[in-house]
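Next, two complexes with chain A in common: one pairs it with chain B, the other with chain C.
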Partner chain A sequence: MAMQEAAPTLPFANDPWVVQAAQRVLTFARRNPTMALGLLVVGTMVIISIAAPLIERHAPDFVNPIDRLQSPNRSYWFGTDQVGRDIYARVVHGGRISLIVGFSVAGLTMAFGAAIGLISGYFRRADTFIMAAMDGLMAIPMILLAIALVAILGASTRNVIIALCVVHLPREVRLVRASVLSLREQQYVEAARAIGASPWRILGRHVFPGTLPVLIIQGSFTCSTAILSEATLSFLGAGASPEVASWGRMMAESTTYFQRAPWAIMFPGIALGLTVLSVSLIGDGLRDVLDPKLSRRT
Partner chain B sequence: MRRYIVRRVLASIPVLAVVAIITFGILHLTPGDPAEVIAGPDARPEDVEAIRTRLGLDRPAIVQFGNWIGSLAQGDLGVSAFSGQRVTSLIAERIGPTVSIAVLAAVFAISLGIPLGVLAAWKANTWIDRTVMLFAVLGLSLPAFLLGFVIMWILGIKFQLLPVAGYARLSEGFGEYLKYLVLPSLTASLTLMALITRMTRASTLEVLREDYIRTARAKGLQERLVLFRHALRNAALPILTVVGFGLAFLVSGLVIVESVFAVPGMGRLLVDAIRQRDYSIIQGVVLTVSVFYVLVNLTVDLLYSYVDPRVRY
Partner chain C sequence: MTQIVVPAPGPIAQEDQQGAGLGQPLLDVRGLQVHFPARQGGIMEKRRVVKAVDGVTFHVQPGETLGLVGESGCGKTTTGRAVLQLVRPTAGQVLFEGRDLVTMQGEALRQMRRRMQIIFQDPYGSLNPRMTAGDIIAEPLVVHGMVKGRQQLKARVDELLETVGLSATMRRRYVHEFSGGQRQRIGVARALGLQPSLIVCDEPVSALDVSIQAQIINLLEHLQERHRIAYLFIAHDLAVVRHISERVAVMYLGKMMESADRLEIYERPLHPYTQALLSAVPIPDPELETTRERIILEGDVPSPLFPPPGCVFQTRCPKAVAQCKEAVPAWREAAPGHWVACHLV
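And then the complex of A and B:
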C-alpha cells in the first residue's frame, strides 16, 4: 500500500516495467509472507555487512579501556565489551564472517554434493564406496568432526569453510543420490539411453535438473546450520583467527562478564539468531514453492 | 525379525571401520609434519625427532595404521602428548558426567517435546499452537550456548534455584548429583526438544485427519485416549527418526554445555585438547563418541520395527 501512495512522487513510477515489478514483489510477499520476511532480513544483513565500514561509529578493533563495559548509550549503541570495543561496530562487521561462511558452505556442498550424488546414484560400482565413505562421515557427530578438522588444518576462515563443507556434504550427497535413484528409472531417461546418449549427457541434461529442488532446499538448510556451526566453532575457540570479529567469538569473550555486561553477549546472539531464523524461513519457503508434496509436513 | 537385527548389526561394522579410517586420517591430514605440530613452534629438532620415533611417525602410513588398529583392538587409544596420561583412562574419568547429561537431556527432550508437539497439533492454529511453535523455532535458530546463558541467568542467578557450574559425583548423594545436572541437561536438550516438538506436531496433525481418529471420537472415546493411543502411536515413526538423527544435536550441545557450565566431561576434555593441540586425545574422543553414536542409532533403528510392526526390512 505504502508503495502505491508513494508512487506519484517518483520520476520512474509510471514506467510500466517498474509498476509490474513492484506488483510482482507484492504478490510474492502476500503469497509467501514468511519467505519474504526471511529474504528481507537476510538481504538487509548482506547490505549491512558490505556497508559495515560506512555505518560503523567506532573502528571494530579500537580498544578503549576507559570506556569498557559500558551499557548501550548514545555513543555506543550496543554498549562496549571488556576492553572497550564498540559492540555495534563488531556486530556489524561480524556478520561478514557468518554470511561468507554460510553462503560458501552452502554453495560448495551443493556443487560437490550434486556431482558426487549424481555419480553415486547412477554408477552402481562407485555407489558402494561413496556411500560407505558418506555413512562413515555421518557417523561422526557433525560438530566433533568440524572441531577436529579445524584443529588439524589450523584456525582460519578458509579452514572453517572446508571443515563445515566436509561435515555437511554427506547429507546433500544422500538426498541427491536418493532422487537420482528414482529419476534414473523414469521413461525419459530410458528414452535418452535408447537413442544412445552418453551417461554424462544423460546425467547432465536429464537427471540433474530433476535433482535441483532437493539440492536447493537442502542447500538453504545447510546455509543456516553452517552459520550456527561457525558461531559454535568460534565460541569453542576453533573458529576463524582471533583478529576477525565474529559473533561466536564475541559471545565467547563476553561469557566471563555476562552478569555485568549482558549486552555484550545478547546483541551478537540476537544478530545470529535473526540471521539463522531468516535463512531457515527462506528454506521453508523454497520447500513450499519447489516441492509442494513436502510442504505440509513440517 | 532376528535376521533383520543380525543384518543391521553387521551393516554397522563397515561404518565403524570407515569411522576408524577417518579418525586415523585426521592426524595425517596435517599439512605439515605431525611431529612438529605436536612438539609446538619452539621445539628443538631433537625433540621433534624424539616425538617422531616415540609415536612411530617415521614409519610408512600403512604400518602406522596397522599398529594403530592393532592397539585399538586391545582398547588402547594412545597417550596424551601433553600430560603423558593414557587417553583411555582420561576418557574413563570424564565419561560419567557426559553420559549423565546426555541421558537426562534425552529424557527432557522426549518427555517435554512429545507432549508439547501433541498439544500444538491438538490445538492447531490457536495461540497455544503458535506459542509452542515460536519456542520451537527459537530453539532451532539460537545457538545452544546462548540459550545456556539465558537459562543459567534465570534459574541459577536470578532465582538461585540451582548451582550454575560444576558437577557432583553420584557418590556425593543422588540429590546433589541431580542438582548439578539439571541446568546443563536442560540446555543441551533444547535443540533436540525443539526438533521433536516440530516433528511430533507435523506428524500428529497428519494422523488426526485420518478416518480412524474420527471413528474413535465418534464412538465416544476420551480425547486423551484418542490422542495418545490412536494418534501418537501412528505418528511415532517420524518422531523416532528425528530422535535418532537429533542425537547429533545432543552431542554438539554437550560439547558446548560442558564449556558453559564448567562440567568436567568429555566435551571439556576435547576443547582443552584442541587448545593444547593434543591429537591423540582428539582422536580418542572423536572415535569413542562416534562409536556410541553409531550404537545408539542402531538401537533406534531396531526400535522402529518394535514400535511399528509394519516396518520389516
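And then the complex of A and C:
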C-alpha cells in the first residue's frame, strides 16, 4: 500500500528497526484489512480534530450573512450554512465533540461495567440488586432516558457524557456478568480458592483477564453507538450547548432548507457515518483478533 | 532432583504435630452430608434435594493414603471437595488437625488451606491458561506470604519444578505448551509448595495415558515418603488404588459401604457391592482370568434424587433380603479396623 512505496524515500528508511516495524504494520493490515482501514480512518479523524484550529480556513463560529448558503467552492470547501458559517470548519471542529463523547463514554462504561459486572457475577447476594437496577435502566428506551438525564443535569458536554454512560452501562454490565458466570465455574478458579486466594485476588487475577475480550469488543461498539447517540441528542436539541459545533446539531439546523443547500446536511452526515463505520470496523476486527478460537497461534 | 529445603516448622506446625501426634487422625470426617437443591418439575412440586454425600464417616492418619473408590456419580469427588470446604457440607463434621473446618469461615479457613491441598483430575481445566507455569506455582506461596522477595520466590519455584521432575527453565512457559502429564506435575508442584499435611487427590491420573499414570503415581509416592503427606486418593481405578493405598473406602450412591486395610478389603471383601466391584478387575494371567468369577450387577445406579428406601444398594444387590428394603444398615466395625454397612455381615 501507500506506506510501502513511501518508505524507501524517507531518510531513516534503511534503519532496520523502521523496516521491521513497517513490515509488521503491513502484515497486520493484510491479515485484518477492515480493522486496519477502521484504525486509519479513526486515526485521521483524531488528528484532524486535534489540529482543527490549524487546518480551518474560517473560524467555525464566524457568521457572514453575505456568503450564506453558498455551494462548495474554493473559499468554502464544503459550502456555507444559512447564516454564512463555513461548513468545513464546523465539520472539522464538530469531530471533537463526537470523538470526545465516544471515547469517554466507551472508557467510562468499560471501567464501571467491568467493576459492577465482576461483583454482580461473583457475589451472588449483590447480583439480585444490581441486575434489578440494570434491568430497570434497560427497560426505558435509550434515547428517552438520555434526553431525560440531560434535561435534569443541564446541557453540557460533560452531562451528555454522563447521560450516555448511564444509558450504555447496563449492556456492558450484563455482558461482563455473563462471562463471569461461566468463568467462575472454571476449575482454575476453584483451584485458586483451594490454595487460599482471597475473593478479590481471584476476581483480579483469574476472572477479570477472562472478561477482557468481551469488555473490549463491547467497548468499541459502545463507542460507535455513543457517537451516534450524541449526534441524535444534538439533533433533538438535547445535546451540548448550542454554541459548540457538533455534527448532530449542524444536521438539525439544515433540515429546513436541505433542498436548497444539500451540502449543509451532507458533509456532517458523511463525517458521522464514516466515523461510526470505522469504529465498528475496529470492533469487528477486535472480535476476530481476541477470539481464541479464531486467533492464529504462531 | 534437588532436595526440598523444609524450613523449620513455625509455631503453628509444632502445635499441630503435638495435637495430631498421639494416634489422633489427621483428618476425621463424621457424618458428612452434602445436599444440593434440585430444580425440577412445576412450581407446585415439593423441592427435592440431591443427596450427593449422605452421612459419610472416615478418617485419615498422618502420612497414610486412604483410597476412596466408587462408580461415577457416587459422591466421591464431592466428598473430597467437602473435606476441603470447596463445597460447604450440609451437615457433619470435618475435623482436620483436631479443628472443625465446617464451622470455619473466611480468613480462618484461608489460613487452614495452607495445610491441606488438592490435585485435580483435569490437568487442562485446573490451570489458568493465561498464567505461566512459574506464576501458577508461585501463587500459593505469594498468597500465604511463604517467601520473602523475588529472588527467594524464584528459587523456591525452580526448586518445586525440579522436585516434580520438570526443569527450572520451564518456568516462563504457558500451560498450553505442556503435555497432560507435565501439566499434572505443575498441579502437584502447586499443591506441594505450601507443604501441606493432607492432599486430596481427585482422580489425579484418570485423565492421563497409562505410562504417564505410573510416573505421576510414583511421583506422589516419592513425595509422600519424603514429606510425610497424607493422601485422600479418590479414584475409580481399583488397580491404582490397590497400589497406592494403605486403606480403602468404598462408596455407593453417596454412602459409605465398606472400609478396611488394603489387603483385608481386597482379600476378604464383606459387602456385596465391594465383592462385585472387585470381581470386575481383570487378573493379569490368562489362565486364572478364565476362571475368574464375575458378579454382574443388574440395572443402573438409581438416581440420587430418588434413592431407594432401606439400603441404597438393595435394588442391585444379588443377596438382598426383605430387611434390606426396610432398614438402613448401620455403619459398624465387623472386624478390627474393618467397617461395613450391610445387614448380612
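Criterion: the second predicted complex is superposed on the first by the 283 of 298 C-alpha atoms of A that agree within 3 Å, B and C clash if a C-alpha of one lies under 4 Å from a C-alpha of the other, contacts with A are read in each partner's own complex, and residues count from 1 in each chain.
Just so it is clear, a residue touches a chain if its C-beta (ideal position, glycine included) is under 8 Å from a C-beta of that chain, and two chains touch if they have at least 3 such contacts.
None of the values given here were measured: they were computed from a predicted structure.
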Assess the superposed three-chain arrangement around chain A: do chain B and chain C clash, or do they fit?
fit
In the overlay, answer first, second, both or neither for which of chain B and chain C A:G237 touches.
first
Given the touch rule stated above, what does A:Q187 touch, chain B (first), chain C (second), both, or neither?
second
Spot which of chain B and chain C makes contact with more residues of chain A, would you?
B
One more residue to check, A:L54. First (chain B), second (chain C), both or neither?
neither
Between chain B (first) and chain C (second), which, if any, makes contact with A:I66: first, second, both or neither?
neither
Anyone got the angle at chain A's C-alpha centre between chain B and chain C, nearest 10 degrees?
90
Contacts of A:S198 with chain B and chain C, given as first, second, both or neither
second
In the overlaid three-chain picture, find the nearest pair of C-alpha atoms across chain B and chain C and give that distance in Å.
7
Could you pull out which chain C residues touch chain A in their complex?
84, 86, 110-111, 113-114, 117-118, 120, 122, 125-131, 139-140, 143-144, 187, 190, 194
Provide the residue numbers of chain A that touch chain B in the complex, in ascending order.
132-133, 135-137, 139-145, 147-149, 151-154, 224, 228-229, 231-232, 235-238, 248, 251, 255, 258-259, 262, 265, 269, 272-273, 276-277, 280, 296-298
Which bits of chain A are touching chain C when the two form their complex?
186-188, 190-198, 201, 205-206, 209-210
Report the residues of chain B in contact with chain A in the complex, numbered from low to high.
14-19, 21-23, 26-27, 29-31, 137-138, 140-146, 149, 153, 157, 198-199, 202, 206, 248, 251-252, 255-256, 259-260, 270-271, 274-275, 277, 279, 282-283, 285-286, 289-290, 293-294, 297
